[in-house]
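Letters are used for the chains, namely A, B, C and D, taken in the order the chains are written, and counting of residues starts over at 1 for each.
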Amino acid sequence: MEVIDNREITDRVFILRLRLTESVLKPEPGQFYLLRPDTGYDPLLGRPFSAFRWNSDWIEFLIRKTGRGTALLSKFRPGDHIRLLGPLGRTFPSPSPHKTPVLLAGGIGMASVYSLLLNRKGDYIFIYGAKSAPELLLTEDIKPLVRELYLCTDDGSMGFQGNVIEFFKKFVKEAPSHSIVVYACGPREMTEPLMKLLRTYNIEGYISLEERMACGLGACMGCAKHTKRGMKRVCMEGPVFNIEEL
Amino acid sequence: MNLEVKIGNMIMKNPVTTASGTFGYGREYTEFVDLNLLGAVTVKGISLEPREGNPPPRIYETPCGMINSIGLQNVGLKNFIDEKLPYLKGFDTRIIVNILGNTIDEYCELSSALDGKVDAIELNVSCPNVKKGGVFFSSHNEMLRTLIKEVRATIKRSTLIVKLSPASADIVIQARICEEVGIEAVSMINTIPAMAIDIHTRRPRLSNITGGLSGPAIRPIGVRMVWETHRAINIPIIAMGGIVTAEDAIEYILAGATAIAIGTANFVNPTVTLDIIEGIRKYMLIHDVDDINSLIGGLIC
Amino acid sequence: MNLEVKIGNMIMKNPVTTASGTFGYGREYTEFVDLNLLGAVTVKGISLEPREGNPPPRIYETPCGMINSIGLQNVGLKNFIDEKLPYLKGFDTRIIVNILGNTIDEYCELSSALDGKVDAIELNVSCPNVKKGGVFFSSHNEMLRTLIKEVRATIKRSTLIVKLSPASADIVIQARICEEVGIEAVSMINTIPAMAIDIHTRRPRLSNITGGLSGPAIRPIGVRMVWETHRAINIPIIAMGGIVTAEDAIEYILAGATAIAIGTANFVNPTVTLDIIEGIRKYMLIHDVDDINSLIGGLIC
Amino acid sequence: MEVIDNREITDRVFILRLRLTESVLKPEPGQFYLLRPDTGYDPLLGRPFSAFRWNSDWIEFLIRKTGRGTALLSKFRPGDHIRLLGPLGRTFPSPSPHKTPVLLAGGIGMASVYSLLLNRKGDYIFIYGAKSAPELLLTEDIKPLVRELYLCTDDGSMGFQGNVIEFFKKFVKEAPSHSIVVYACGPREMTEPLMKLLRTYNIEGYISLEERMACGLGACMGCAKHTKRGMKRVCMEGPVFNIEEL
């Protein structure tokens, strides 16, 4: 796919916009694509990124530079081409009208829950955490879309001092647990304790998980995740899992 | 233009198949690949009982390659025959089933259950990612001989292929043993045992510590092994290891392969198998080659 | 912060040396590298008589690697001692000389001539590019034992290192033989036999047909071999194979290497040796490692 | 080094201009550099290219797309960085005032002899051949710098029909051989017969040869060429050889 725009929004995060041709299906919130910079065989494999924003002409990915693949992707410019495979995986289910949807995003996990916010109507509460204030991205864009926005930073440089989980613990003690449904995406350090927490409070929840991937199509068994019902493939049975399965 | 090749009794409409474990049970790729166009589909290794495989993480990318330690997660023989095979049978292509057992008996049980149901059976005697897996056989020539002889005896109709390991003591000697025992073909190379370490946590990148290296990185090693083996035996070779383009496929054919299998490249480009068939056609056109069989082992040296 | 390591009697100020054949006789790189800063300089393999090497073409690039069949072009023992060694002696670094003979006698003649003149002698028993080269020894465990025993006996002062081949029957067994015979250290891995074919001319890319694969492509294989070997022996390992960055070097050290050698990466970046020493320092600083020796074999698994 | 400009001049040939910083020495005509696109380890090795044009601020390379490395280099854009190693190898010796310097260029070999033309005074005759007219590059730039310019094309679409060697055979029959000195660069199919020809007519000549390279520094012995005096390294004892050595 052709790169239309590639914009840094912080020194570590950029938004990559690709032209959507008819051959590429539009995603559902929570789905992802494998992106491969096509320069040689190093790096070799596609990298998974959640669909962030899209319309009929283009799709955007919100990407954090972590390693070589993302560094390469950050250098692509309008007119360049990137191989795109997707949309892949399962979507977040639509929030039921009887429950308040609470979105939990840790770091770049924001990309995936943000797409839910944009595409599925709901009276959202958004809890968003990062290391420090500059890493809380696009908060001005989020505000008008949600009923309540809570920001958390590890260093206290903005909002609640502490991580999303600490905030959420406080939060659930006040909210009646059966009236909320949680949609979450973030690093393992956030999703692991979150699962336990949701189970403890018996809260309905959907979590987007990460695992290294090769094929993205359910063929290689590389992205396996241990679940109650055996090994599941994050690329097929995920990335969004109902916490009951996990 | 003839692209048809023969592996034992199995006639493939073109020399291109998929490498076991990289194409699922075929179905996973049907959105991208019309299976009718492939010479054969080789499916993920099957064991007697379903297996969970190794705990994650199971894959890691390395320079121009990847290491995997899937550990043979598979649905098991019964589910394969009941659920996966009927779907595949709906296509006009050959079906090759890769099998792996812990004991000679298990291998024999697998092969006799599949005999006649599939076009070919590929004995995986070299999976580096299963503790009691075939590695044991591939590192002992005489054990290998016993194993393949016994399996050979269980098979009446399907073609029997033995998949050799680049980590075995001497791959050429093992290929000769296969020929002596009356195996119809060998396939090579399986992944090369490898590992990677996260220097910040000091832990291995894979939960299984080591895994198998595949992808373009290993192609020059595979080509050399196929060339050496081709000079030593007269049975056909199904070659694999780092094939990404038609050029790579032809390189292996010139080195001595009768058919070639695409593995890791499916992850890089899901339509790669078809692109390669097309590319082989173009090459034959440009170089005025009427019959693909005339290219086999055609290296000039 | 201590970067000093010990290989036999040889004390290296840091664990970084160059891989034989990729750094000439040292002089070639002095425009880029202050040799005084290296733990040791390992020079191109030396034979008794000067050698012309193989006809060109001798190198070919492959995915994340290269294959070479230089065929041990070198100035010969006498010229080396007269012309190359005095220059190297002017630096405050260790000198490791890689040697290759056709017969046990030749090896012994080389080793006794160099004994005491250089800090260490590295026996190349595994060069894949010379017909009568060491490959013969590396594929026969008992021949190898005889060879290294006899060479061992000729050396009184220099440290003796045996360079093992990834293509040998079993690299771990060979390492054990080295330890049993009283060799001070092993180095590994040499290049992996490989080949490439020009599909348009149908000829091999190298005049020698096959060559040795080196570069990042082989690193995961090298790391695995070093790890396996480290668990089996107690003498130090000098590790090489695809090291390009300090991360790669540390990966090998955690796998069990006492020192590491940089080969192909010198071609990619001529200052890479110094960059890696710097990178190792930074890593030790960040991870609060006082002594590099505490990292050796530090893999947690 | 930083890319300042990268311009296609035909669909297969481009001129890459890099900023020259103080750390990089200026070349002599005939010398070359190893250029490495710095995206990953594939391709791994630097590619050798002759210094084409330069001043104190920049250096240009005239590059023909032949494989993966050159295709990658053609995509570099202003602001990108490319690793540069050099100048490497031996230069063309200056033409003696007593002999007419005859430059022979086949295809992209033009880059190297052109640098001689630009940098060393002389009353040059330039014989330049290519497959067909569109592949004869920058002939308008060459014209004002030479006494005589002869163009050859295999298909006769411009100038003499035939290759440089065929033309040169005709040419030497007319010129007294001792009064010329030849500087040549081109593909093997040109340089091999040229060597023989020059020997037959006992003409002084310097030929720039090509061989695959790894280190460029004389260390790896990868670029060996058989000569009268044994194996020589094209990167050190070449790329320019006196035909007497060959």
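Everything that follows uses one rule, which is that a residue touches a chain if its C-beta (ideal position, glycine included) is under 8 Å from a C-beta of that chain, and two chains touch if they have at least 3 such contacts.
Computed from a prediction, not measured in an experiment: that's the story for all the values here.
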Option reproducing the contacts of A-B, where over half of them reappear, out of C-D, B-D or A-C
C-D
With chain centres set to the mean of the C-alpha atoms, which chain is at the far end from chain D?
A
Cα centroid separation between chain A and chain C, in whole Å?
46
If you average the CA atoms of chain C and of chain D, how many Å lie between those two points?
36
In chain C, residues with contacts to at least two other chains
63-65, 215-216
So which bits of chain D are touching at least two other chains?
40-43
Taking the touch definition from the header, please name the shape of the chain graph: line, ring, star, complete or other.
complete
Given the complex with chain A, which residues does chain B contribute to the contact?
21-24, 28-29, 31, 44, 52-53, 55-61, 63-66, 68, 70, 73, 215-216, 244, 264, 266-270
Contact residues on chain A for chain B in the complex?
36, 40-46, 83, 85, 211-226, 230-231
Quick check: in the complex, which residue numbers of chain C touch chain A?
63-64, 216
Interface residues, chain C side, partner chain B - complex
62-65, 67, 169-170, 192-197, 199-204, 209-210, 213, 215-221, 223-224, 227, 242, 247, 250-251, 254-255, 283, 287, 298-301
So in the complex, which bits of chain D are touching chain B?
40-42
